[in-house]
Every structure is written in C-alpha cells, then in structure tokens.
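In the two complexes that follow, chain A is the common piece, with chain B as its partner first and chain C second.
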Partner chain A sequence: MTKYLIFNNSLSTGKRNSPGTPEAVACEIARAVDKEAKGLYDYVAYSANKPEATLEVLKELPVYSINLTKRKIDLWHKDALPILDKILAVTEAIENAHDSITSAIDDLQFDSRNSEIFHEINFAGEIDIDRAFNRIDNQSEYIFASMVKSVFGLEYLSHAQGVTP
Partner chain B sequence: MTTYLITHRSEDSQLIHREGSAEEAACEIANQLLMFYGSAEKLMAIKSDSPLATFSLIKDDVLCSIDVTKKSIETWRNDVSSIQMAINQFHSAKNRAESILTQALDDLDFAFDSSEALGDFVPSDDISVYGVLDELGLSDLETTFRRALRDMYKFKTYQKSVV
Partner chain C sequence: MTKYLIMENPPSSEEFNKSGSREELACAVVKVASLHDYSADHYIAFAVENPQASWAFLKDSVKYTVEIDDLREEIWLKEIEPLLNESEKLSEAIAQAYSVIFDAAENFDMACKKSKNFQDIALSKDMDLDYAFENIGNTSMTDISEKVDEIFEVKSY
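Let's turn to the complex of A and B:
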C-alpha cells in the first residue's frame, strides 16, 4: 500500500502526473469527490515517501491523502470509472433535454409573437422549465462522490492540520 | 361572418367539401377544437341558415358550431397551423428528452448494478423522469391555445338532447 498526497495544481505550473500511473488515479479519485474540481490539471499527486512530496509540502499543504493498493486501482478502473462515465452521460442528457425544450419554447414564442391572434399570449409563461428540471437534479453525482470517498479512503486534510498556529 | 354547424359525415355521403373552401376550413377548425380522433374529412360543415342545418338540429346531429370570416380562415391557414406545429414540436422535444434521459438513467443503473464495491445504489430510485416533464405545463399551454381558438371562432358545442 502506498500513501499519496494530493495537492492543488493548475495548468500554468507545468506539473502533471503521467496518465495511468497511481498518482494520476489518486488525482482522478480526488476530482470525482470534489465537485468543484473539473480540470485535468486541478490536482497533482506524489507518493508520500518521495522527495517531490516533501518539496511540495514545504510550498503548500496537500489537500487530500489516499492509500492506494493495486486492488483499489483496479477497482477504480473497472468499477468506478464506468459509473462516472454514465453519471456524466446523465448530466449531459439533462442539459441537452433542458436546451432542446428551451429551444422549442423559443420557437413557439417566436411564432406566437408574429401571429395576429396569438401575439398577446405568453406561451413561454405557461411553461415552467425550472420546476420540472429541479426535480430531475442528478443526485447520483453526490452519492457517487460520497461512496468513492468512503470506498477508496480519500482523506481531506484540513489546512490547519500539522500547522502550528 | 358565416356560422357553420358541424356534424359527422355519414359513411355513404357523397357530399365532399371543395378543397380550399370555407366549409373545409370550418371542419378543420372544428376537428381541432373538438379534439376529434379522426380526420377532418369525417366531419361536415353546414351553413346555419340552410334547411339542412335545421334538419340536422332536429335530428340532434350537430356536434358544434363555429363562426368564420374570410380573414379568420386565412388566420387559421397561416397563423394557427404554425403555432400548432410549434406546439407539436414542443411535444416531440419533450418526448425525445424523456426517452434520452430514461436511457441514460437505465445505463447508469446498470453501471452501478455491475459494480461489486459500489453497487448498493439504484439511481433511478432517486431520479424520476416519467411524469416529471409533464410538470412543464404542456396541458396549460394547450388549454391557452384552445381557449384563444374557441374565442376567435365562437366555438359552441351542442349536447345531445336527453329524452
């Protein structure tokens, strides 16, 4: 089992983990848990016993730590990633549905504005898109994040941790 | 303005309205407002001041009456059909969205179910697609549309007399 420290990162730092490495998997897990982090370079991870980790800690405290084994890495690839793909597909389907319905309403509104008898009728006012779509909010993303956090043992490190006030 | 009484066309009737005639338009309008499950060709429009109209009223055959003018027929042919088409497209968008969402959710259920470590969750238990999109208010929209048409064509239904 190897412990990895995960740090905040950005594209401009030039730091990145090679795809397919345990470090990259650690970052993927952190991204799946943290709904704010979407970018490929939002995190960078180092094995805790490597000098890079020590150097990085001197500059900035890590955000997460995780213990990974080969079994956990396999589990991530075989179980979790396919689920994550489908969750993103549901989110995309919801967004597409919202867009296509909004576009259909816009067309209807356009036709009615140009109509002699319907120009005073606000068809768009009859349609409550938000009420309908609020009810199909994709909760699975949050539940998945919580499951991943627990199954993979991702630990959030408070910024105060290890820091002498 | 002409008032037409609308009746069912009998199966053996040879009277077919001329294409583009006011009677043909009256049947199309009535078909829409009656929500008649059939083609407008199965209806017949009779001028209200004709002897046949009186006869139909006595026979209790009249389904509804509508008032049309040359202008209101033009409006029907130009405005109403485009609004109806836009409403139909809205229906299609809603049905398509429902179908795509259901498929995506089924795939997600399957992905969770296939997982040994994360398989305890059934997303479709928490996310319901069926019925939710009905809350968009499509029926309110159609009611508004029909109400505008009813007012414009002074649509009146005739109830069968109870003996």
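Let's turn to the complex of A and C:
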C-alpha cells in the first residue's frame, strides 16, 4: 500500500501526473469527490515517500491523502469509472435537454413576435423551464462522491484549503 | 368568402381532398381548431355550392363549417402554418428531452446494479422527472387553436 498526497494545482504550474499512474488515479478520485474540481490540472499527487512530496509540502500543504493498492486502482478503473461516466452522461443529458427546449421556445417566440396576429401572445409565459429543471433531483454525483470517499478512503486534511474545502 | 362544410370521411370512401386545395385547407383548419389528432384524411370538405354539400346537409352529416377567402388563406400560409411547425417542434423537444434524461438515468442505474460497491445508488425513481416536466407543458397549440377558431369562424355541429 502506498500513501499519496494530493495538492492543489493549476495548468500554469506545468505539473501533471502521467495518465494511468497511481498518482493520476489519486487525482481522479479527488476530483470525483470534490464537487467543484473538474479540471484535469486541479490536482497533482505525489507518493508520500518520494522527495517530490517533501518538496511540495514545503511550499504548500496537501489537500487530501489516500492509500492506494493495486486492488483499489483496479476497483477504480473497473467499478467506479464506468459509473462516473454515466453520471456525466446524465448531467450532459439534462443540460442538452434544457438547451433544446429553450431553443425551441425561442424559435416559437421569434415567429410569434413577427406575426401580426400572434404578436401579443406570450407563448413562453406558461413554460417555466428553469423552475422545472431545478426540480430534477439529480443527486447521483453527490451520493457517488460520498461513496467514493468512503470506499477509497480519501482523507481530507482539515488544515488545507481544497478547491472546495 | 366561401363557406366549407366538413364531414367525416369514412375509411371505405375513395374520396380525398385535392392536395393544395381550399378543401384540404378547410380540413387542416378544423384539425387545429378542434385540437384533434386525427389523420389528414379523417375529414373531407366541400364548398357550400358543391352539390355534395347539399347531400351532406340532407344527411345531417356536417360536423364543422369554416369560412375561407384569399386573405384567410394567406394568413394560414404565412402566419399560422409556420407557427404550428414551431409549436410541434417545441412539443417534440420536450418529449425528446424527457426521454433522453430518463434513458441516461436508467443507464446510470444499470451501471450501478452491475457494480460491486455502488449497487445502492439508484436515480431514475428518485429524480422526480415526471414532477419536473409537469411545469413544461406546451400550451401554444391551445392559443393557436383559439385564434384559428376565431379567424376562420369555425362552427361545430
């Protein structure tokens, strides 16, 4: 088992974990748990017993720590990632649905505004699309984040300021 | 201005409204005004001066009458038809949106069921999709229907 320290990062630092490495998996897990961190470069991880981790700690304290084994890494790839993909698909479906209905309402409104007969009718008035979409209770991301944190033992280090503390 | 009589066109009938004719327009007007989802051939129309219209009167089979002249035909083609198309597109967008979100949620649920660690998560039953979509009713067709009824002086019998 290896302990990894996960630090805040940004694109401008030039630091990045190679895809497929345990360090990259540690960052993927942190991103899945953090509700705001979505960028590939939001985190960078180092094995706790490597000098890079020590050097990084001197500059900034880590946000998370996680113990990873090969079994946990396999579990992430085979069990958690497919679900994360589906969560993203649900979120995307909701966003696309909102956009397509809004666009259809706009087209209808445009035609009616240019009509001599129908220009006084507010066709969009009865359709409260934002209210409707706010009612779609998509808790999948939150529940999944909470379970990932528990299953993979991601530890938030309370002294640190994460993307979402 | 010409009055058109509209009656039901039995499936066995070999009569149809000529494509692009005012009789066909009269039936389209009735379909919108009555908010029925009948096929285009469900009704057949005759101008009031047509001898078949007299027969329809005698047989008491007239369901609707509508008034059509050049101006009303132009209104139909330039204003009502494009708006009907947009209204249908909106209804399709709403139906498609519901279906796409529901399918994505079901795919998520299936992935969770197959999982070792995330079996307890389920989304499609808990996301209140039906409740949310109750607020996205497309009432534009009703508004258009009321105007069509008024403009074409649709009378039902």
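We adopt the following convention: the second predicted complex is superposed on the first by the 158 of 165 C-alpha atoms of A that agree within 3 Å, B and C clash if a C-alpha of one lies under 4 Å from a C-alpha of the other, contacts with A are read in each partner's own complex, and residues count from 1 in each chain.
Definition applied: a residue touches a chain if its C-beta (ideal position, glycine included) is under 8 Å from a C-beta of that chain, and two chains touch if they have at least 3 such contacts.
Only a predicted model underlies this, so the values are computations on that prediction, with no experimental measurement involved.
Engineer: Does the chain A-based superposition show chain B and chain C clashing or fitting?
Structural biologist: Clash.
Engineer: Between chain B (first) and chain C (second), which, if any, makes contact with A:82: first, second, both or neither?
Structural biologist: In the superposed model, A:82 contacts both chain B and chain C.
Engineer: Quick check for you: in the superposed arrangement, does A:117 touch first (chain B), second (chain C), both or neither?
Structural biologist: both
Engineer: Do chain B and chain C land on any of the same chain A residues, and which?
Structural biologist: 75, 79-80, 82-83, 85-87, 89-90, 92-94, 96-97, 100-101, 103-105, 107-108, 111-112, 115-118, 121, 123, 126-129, 131-132, 135-140, 143-144, 147, 151
Engineer: Spell out the residues on chain A that touch chain C in their complex, using ranges where they run on.
Structural biologist: 75, 79-80, 82-83, 85-87, 89-90, 92-94, 96-98, 100-101, 103-105, 107-108, 111-112, 115-118, 121, 123, 126-129, 131-133, 135-140, 143-144, 147, 151
Engineer: Once bound in the complex, which stretches of chain A touch chain B?
Structural biologist: On the chain A side, the touching residues are 75, 79-80, 82-83, 85-87, 89-90, 92-94, 96-97, 100-101, 103-105, 107-108, 111-112, 115-118, 121, 123, 126-129, 131-132, 135-140, 143-144, 147-148, 151.
Engineer: For chain C, which residues are in contact with chain A within the complex?
Structural biologist: Residue list for chain C touching chain A: 75, 79-80, 82-83, 86-87, 89-90, 92-94, 96-98, 100-101, 103-105, 107-108, 111-112, 115-118, 120-121, 123, 126-129, 131-140, 143-144, 147, 151.
Engineer: Show me the residue ranges of chain B that touch chain A in the complex, using the header's touch definition.
Structural biologist: 75, 79-80, 82-83, 85-87, 89-90, 92-94, 96-98, 100-101, 103-105, 107-108, 110-112, 114-118, 120-121, 123, 126-129, 132-138, 140-141, 144-145, 148, 152
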